[in-house]
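Lettered A, B, C, D, E and F in written order, each chain numbered from 1.
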Amino acid sequence: MAIVLGLPKGSLQESTFALFKRAGFNVSCSSRSYIPSIDDDEIKCRLLRPQEMSRYVELGLLDAGICGYDWVYENGSDVEEICELNYSKATSNPVRWVLAVPNDSKIKTVKDLQGKRISTEAIGLTKRYLKKHGVKADVEFSWGATEVKAPELVDAIVDLTETGSSLRANNLRIVDTILTSTTRFIANKKSWKNSAKRAKLEQLKMLLTGALEAQRRVLLKCNAPEKTLDKIVKVMPALHAPTVNRLHGGDWYAVESVVEERMVRDLIPRLTKNGATGIIELPLNKIIF
Amino acid sequence: MAIVLGLPKGSLQESTFALFKRAGFNVSCSSRSYIPSIDDDEIKCRLLRPQEMSRYVELGLLDAGICGYDWVYENGSDVEEICELNYSKATSNPVRWVLAVPNDSKIKTVKDLQGKRISTEAIGLTKRYLKKHGVKADVEFSWGATEVKAPELVDAIVDLTETGSSLRANNLRIVDTILTSTTRFIANKKSWKNSAKRAKLEQLKMLLTGALEAQRRVLLKCNAPEKTLDKIVKVMPALHAPTVNRLHGGDWYAVESVVEERMVRDLIPRLTKNGATGIIELPLNKIIF
Amino acid sequence: MAIVLGLPKGSLQESTFALFKRAGFNVSCSSRSYIPSIDDDEIKCRLLRPQEMSRYVELGLLDAGICGYDWVYENGSDVEEICELNYSKATSNPVRWVLAVPNDSKIKTVKDLQGKRISTEAIGLTKRYLKKHGVKADVEFSWGATEVKAPELVDAIVDLTETGSSLRANNLRIVDTILTSTTRFIANKKSWKNSAKRAKLEQLKMLLTGALEAQRRVLLKCNAPEKTLDKIVKVMPALHAPTVNRLHGGDWYAVESVVEERMVRDLIPRLTKNGATGIIELPLNKIIF
Amino acid sequence: MAIVLGLPKGSLQESTFALFKRAGFNVSCSSRSYIPSIDDDEIKCRLLRPQEMSRYVELGLLDAGICGYDWVYENGSDVEEICELNYSKATSNPVRWVLAVPNDSKIKTVKDLQGKRISTEAIGLTKRYLKKHGVKADVEFSWGATEVKAPELVDAIVDLTETGSSLRANNLRIVDTILTSTTRFIANKKSWKNSAKRAKLEQLKMLLTGALEAQRRVLLKCNAPEKTLDKIVKVMPALHAPTVNRLHGGDWYAVESVVEERMVRDLIPRLTKNGATGIIELPLNKIIF
Amino acid sequence: MAIVLGLPKGSLQESTFALFKRAGFNVSCSSRSYIPSIDDDEIKCRLLRPQEMSRYVELGLLDAGICGYDWVYENGSDVEEICELNYSKATSNPVRWVLAVPNDSKIKTVKDLQGKRISTEAIGLTKRYLKKHGVKADVEFSWGATEVKAPELVDAIVDLTETGSSLRANNLRIVDTILTSTTRFIANKKSWKNSAKRAKLEQLKMLLTGALEAQRRVLLKCNAPEKTLDKIVKVMPALHAPTVNRLHGGDWYAVESVVEERMVRDLIPRLTKNGATGIIELPLNKIIF
Amino acid sequence: MAIVLGLPKGSLQESTFALFKRAGFNVSCSSRSYIPSIDDDEIKCRLLRPQEMSRYVELGLLDAGICGYDWVYENGSDVEEICELNYSKATSNPVRWVLAVPNDSKIKTVKDLQGKRISTEAIGLTKRYLKKHGVKADVEFSWGATEVKAPELVDAIVDLTETGSSLRANNLRIVDTILTSTTRFIANKKSWKNSAKRAKLEQLKMLLTGALEAQRRVLLKCNAPEKTLDKIVKVMPALHAPTVNRLHGGDWYAVESVVEERMVRDLIPRLTKNGATGIIELPLNKIIF
């Protein structure tokens, strides 16, 4: 019995396939197909727009899927969230849905939207936000390029932003952040209660998060003389104690530890100061603590 | 006073710019901008998704626009239709919105859709169609790739097709054609009543249709001897009498006529049979009858 | 009843489709298909490698085809040659099959090939050539890149060349030209005798050669004063007498003639010297004399 | 005896080759070569950076060349200017060398440059400009991307601009225009006095300007009834009287005239108002008045 | 003394260069050259079509080469097979030469080919196959696109297939598999007996297979508590006993083993169940057991 | 306090960003910007042409920069050289500035240049070289494509070459090598004396050279039986003693060492001969000895 797994079509597709590759699964898809092949008989893959993923997971047409939290919320889908998967096309920052207006607009807060026209791709999200603030406004569905519509065609927009650069380039000012969203691994609630399916989903969770962790970490190895061994061990980051190993025929020890890649540049000078030699850094495929 | 003119962003953009070029207007746009420049002080251009065009023409935010009739209908917009503009990205055939189901589906007519789930990008069009036939079904908005959703995720789709090849490739069968659509030049009703704006819109209509006509026609010239002149003139297509001109110093006549390009291949053999010589065919930029 | 027409797959395909377009036929083909569509119900097209064209025309599986004379000769096919079609991918020069050897080879004439090894894509052509000269040598089929095989792997090659530049770049010297070849329009002998098919093939011949002629010619028009009219008419090239037309209300004449494009640069200075004014040059689509 | 002609390498190369093509000369060049071939035995071509063109024309290593006036001026070359050739890569506007500073700079006029540092690719031009205004400043040669150097690395720049958009994008303000420049056809002074070479250069001038003119003009033809013939003839632009021709068997006249392409859009409505019918517009290759 | 080594031009070229890179040899080749450079003075490389490789290895013009077994068989070459190299452009599956016919053909077995016409790029292979089955048929050399020739031009084809998808797309049915083929490293028989050349070829074999093995394997490391060490060691795959190492100051052991990459996804859950912690997976360049 | 660091725009840019990535710094830059972002608050990056780098480092507008030694020399800049960074776009060979002349030129030594014309992008370098040899010649600035100017426009050139292939392709002969150059990490002299800035620059030096070293090296691991352990340890390259480690429960040792990648192909056969088993090679990110 195989699980049916929805993978996101579009900007996340390439990085999703790469993540599965590092996790140990070869997923491939010809450019015009929506049925990727995967080298695991217990999984069947489907490509879907992230906007529609949670809808079909909720209906049970997919056992599980990967998509942004924003679209789970927009669709109001009742699904099980297995875990966060912290990756995206460009950076590891979460994306935000923001309310934005032209730089020189008189709109300063959500309250000023009363009676105005707003363009957005997330109708449900926007209407719920306005309702929460007791504001009535005209919310129009945007077929794309939302950020160029204000002020000519609408008064405000609700749009997705990662770095804010596209908004700045269009002379827009952020009034409020409505939702912060990251990628999620979600399951149909019934599939999650099925023990065979759950075991497969748990395995996927372990391998996917293991591959994501490995991308941000490296294996650092060095040789330490006996007299400064304790100092060197202390310098090594603390999450997991370094592996220490006495070398054959001498007073030296091999010390190795998995560390965050971005800390290495400060760690290496401190290790050399404490007498460490032969420092090498190796890339990792996966980490399971 | 300039008119504000909406041009279609997307698959029609390039051919629209080319049409304006042949009509005598240079329109250009950097790849990331939505405000094309045009070398006519009486026109301001805006790029918009065709799906949204009629909405903003109706509101008067645009004086006129170019888009498919399907989206005017989908949006139920109250606008003035100036003329049809018979061009599209690939062929000059109209596009169709069709109801399609998997080849082996039991659905044979619209009546069989009762209680089923349908995916489409044209929610309004589909609901009006179902209502007309007294059928209740679940109509879902599709974010793209509609043709791959049946039968796994939905029972039927309503989608756009030009040649039917994408439907065939996905093993879908057409049950009914809901709407046939071509490109239209539309205006805001108030702008159309404003005499200055109307004069500009009429000029645009004359030049755009003149350029479209010229694409399908050529100028055919030949020399005809006096004795078969009448026959040759009769062979030439009838829409507009050929221009006949007696040549200097002899019994020959120059005959020229604007003819449809696709008729030339049959016309030439008939002309040569009747004694015409020196047949040449020239390309045209514009025709105004 | 439609004729089946073979069009050349490969380097000639794009220019062949363009030639048909100018002749009045729209031929198109998706990148992976071998069955092009054409907007004439009396023609069915097939794409084939030029090397195989004459073989299937001879067998009658195709009524006609377009390919180089070299492959008709290589295959020894018994077909009807309708006409030459003087076009190719780069220039209008004929291609040549040449015998070539390394610059410093001792081979000076075909006689020196006795007992040597020769690589070529045209086995039949090469063997017939050797036989004619009474030379025995080992002729090997080359799967491509023939020009890099001498002197390391073979003693000589027989290869296709248009400008000789690829041979020079590989330090090869031409010993002899074996065959000069241009593109031909060929027919199955039985199809050629069938009057309905022949009429269609004759129409194609007229339109294809008319389009080819038009590419090399232009329409030149000028106004000539009465006193130098005769001189101006004489200056205009002689193939076809210029069309002369007395203008309304004056002593001026309009003179126009179809001339070779490459002669215009010398013609214009001579026309202006003889008093011609308002010289204009127009492009042509087709010419049938 | 052939003339040696320098053609501009770089942004003008493609449009220069296209101009020669329309003028009747086929120029082609493999991507890595600097010696284009041309189908005229009396011309030998060389590709050169426009910056160096006038230097080698002055020395007589080239008989003639095509380059911007700016580099003739920068190099201070003593050459014969045959004519202006009004074309460029994007628009037909002349380019300008401007003095620019950061938007918030205190520099308001050239006088404020005293003691400052200026970056430019045109050292000679800039120094002559400063000298004329009695200003002493440090002028540095820029190896490219001059517009990003102020204010971090220099106080002001002297750079080329066509539309000003690159300057605006880098927050720079134009203080002064130093030189306005268009493309020129220049000759070595000695070659210009040689009668054989001069004849060839005059022919080139006639054909190149004829092709340039033809790009901005079209041939407009219409049929006019006798009673409004005079009005229609008057409406037609005046540079050159329209060609009028009485048609065979009736009271109609054929009127044709070469007009500017950008005037057609206003001309057509006026012609139809005056009773003209069958208006057609044809493209031109060349015009020699 | 250097060996001359033939590398396959075409679809295998890029993956062959990548394999050599992982094996420790930098091979590079400009796009138009057939003589790659390699950073080993004892090897000279030549690029050749795989179809011709075995012919020149047999003649001794190459000491060794890499190509598919199918072409060794097609050419009937008498060469030494050093080893299989299990890589190809897409998958690691062997390719197959199959006899295929249109889906609706009456041909069911090889016997039904009597008197039919067959198209193939492997004439020798096909003729030997027919002879073995006592069938006489007309075998034609195909210049490409063999799979589109049936049924219009021929009755059956013999063609190469990896996944069968191209055959299915052309509505062809496989009747029989004639030959299964993988990539081989082959040597000239005389070169193989030369001890110096053989040593070099053995070194290449060791490094190439070592690099191929490494692509399918990873280094898996974990920490194991003393009490479950035995279980953990047993879980680790058996080809080569895991390396076990007592850690400094405690009852923990470091366990590491080279395992197949595709087994890791099942191995990790079993390791964690048995108490292993700090599991990391590292990529490998080479493995020599 | 952050340091301002100049990175080379152009052919070295991509490999420089990749080097920083391996060193632990993410540098990125949109295609039109000259201000790359870097994930280290203590560094601000600027992209500059290598030709201008040393000029702005000397002036103190940049604290440090990366560029070729040739341009430090050409500009005669007074800067601190921190270290060599041995990388370039294609190979790790140094580039050379050479004096070259046409193959058939009479110029044999620098002395023969007296009174000749020389084209070069490095005016200063060339003039200093001529002065040193007491030769007077006309040195012209070249705007590019220097190698095609001789012999038509100049007598000799001074140009950059890595492999000499471009010179050979243009039929040029090298007369003398004027300067050999590699990439350098340079600092402003005042910044180098500032202790905070120097610490940052030293850290960069350590990490950049560590990443460069790692590219040329790998980690080699094997298992050695007790009796040949000494031999195996001796075979391992000597720069740094191998790490030796007694395995649990047996007479085997794990031996690992960082070795040069290009030596592995000879090392592995020697290790296996001495009884080593389970040899694996792992890639490295960084090495600090």
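In this section, a contact is a pair of C-beta atoms (placed from the backbone, for glycine too) under 8 Å apart; a residue touches a chain by one contact, two chains touch by 3 or more.
Small disclaimer: the values here were computed from a predicted structure and weren't measured.
Q: Chains touching chain B and chain C alike, please list them.
A: D
Q: Show me the overlap between the contact partners of chain C and those of chain D.
A: B
Q: Comparing the two chain pairs, does A-F have more C-beta contacts than D-F, or is it the other way round?
A: A-F
Q: Match interface B-C to one of D-F, B-D or A-B, accepting only the pair for which over half of the contact pairs are the same residue numbers.
A: Of the listed options, the interface copy of B-C is B-D.
Q: Which one of the chains is farthest from chain A, going by Cα centres?
A: C
Q: Check the residue numbers that chain E and chain F use where they touch, and answer same if over half are used by both copies, otherwise different.
A: Under half of the interface numbering overlaps between copies: different.
Q: Quick check for the class: compute each chain's Cα centroid; which one is farthest from the centroid of chain B?
A: With centres defined by C-alpha atoms, farthest from chain B sits F.
Q: Give, as an integer number of Å, the spacing between the C-alpha centres of chain E and chain A.
A: 37
Q: Indicate the whole-number Å distance between the mean C-alpha point of chain C and the mean C-alpha point of chain E.
A: 44
Q: Whole-Å distance, chain A centre to chain D centre, using C-alpha means?
A: 53
Q: Check each residue of chain B and list the ones that touch at least two other chains.
A: Residues 245, 282-283.
Q: What is the complete set of touching chain pairs?
A: A-B, A-E, A-F, B-C, B-D, C-D, C-E, D-F, E-F
Q: What does chain D use to touch chain F in their complex?
A: Touching chain F: residues 9, 34, 46, 49, 51-52, 55-56, 61, 140, 142-145, 148, 152-153 of chain D.
Q: Can you list the chain C residues touching chain B in their complex?
A: 23-25, 39-40, 203, 206-207, 210, 214, 219, 240, 243-246, 253, 258, 282-289
Q: Quick check: in the complex, which residue numbers of chain C touch chain D?
A: 218, 223, 245, 247-249, 254, 261-262, 264-265, 268-269, 272, 277-283
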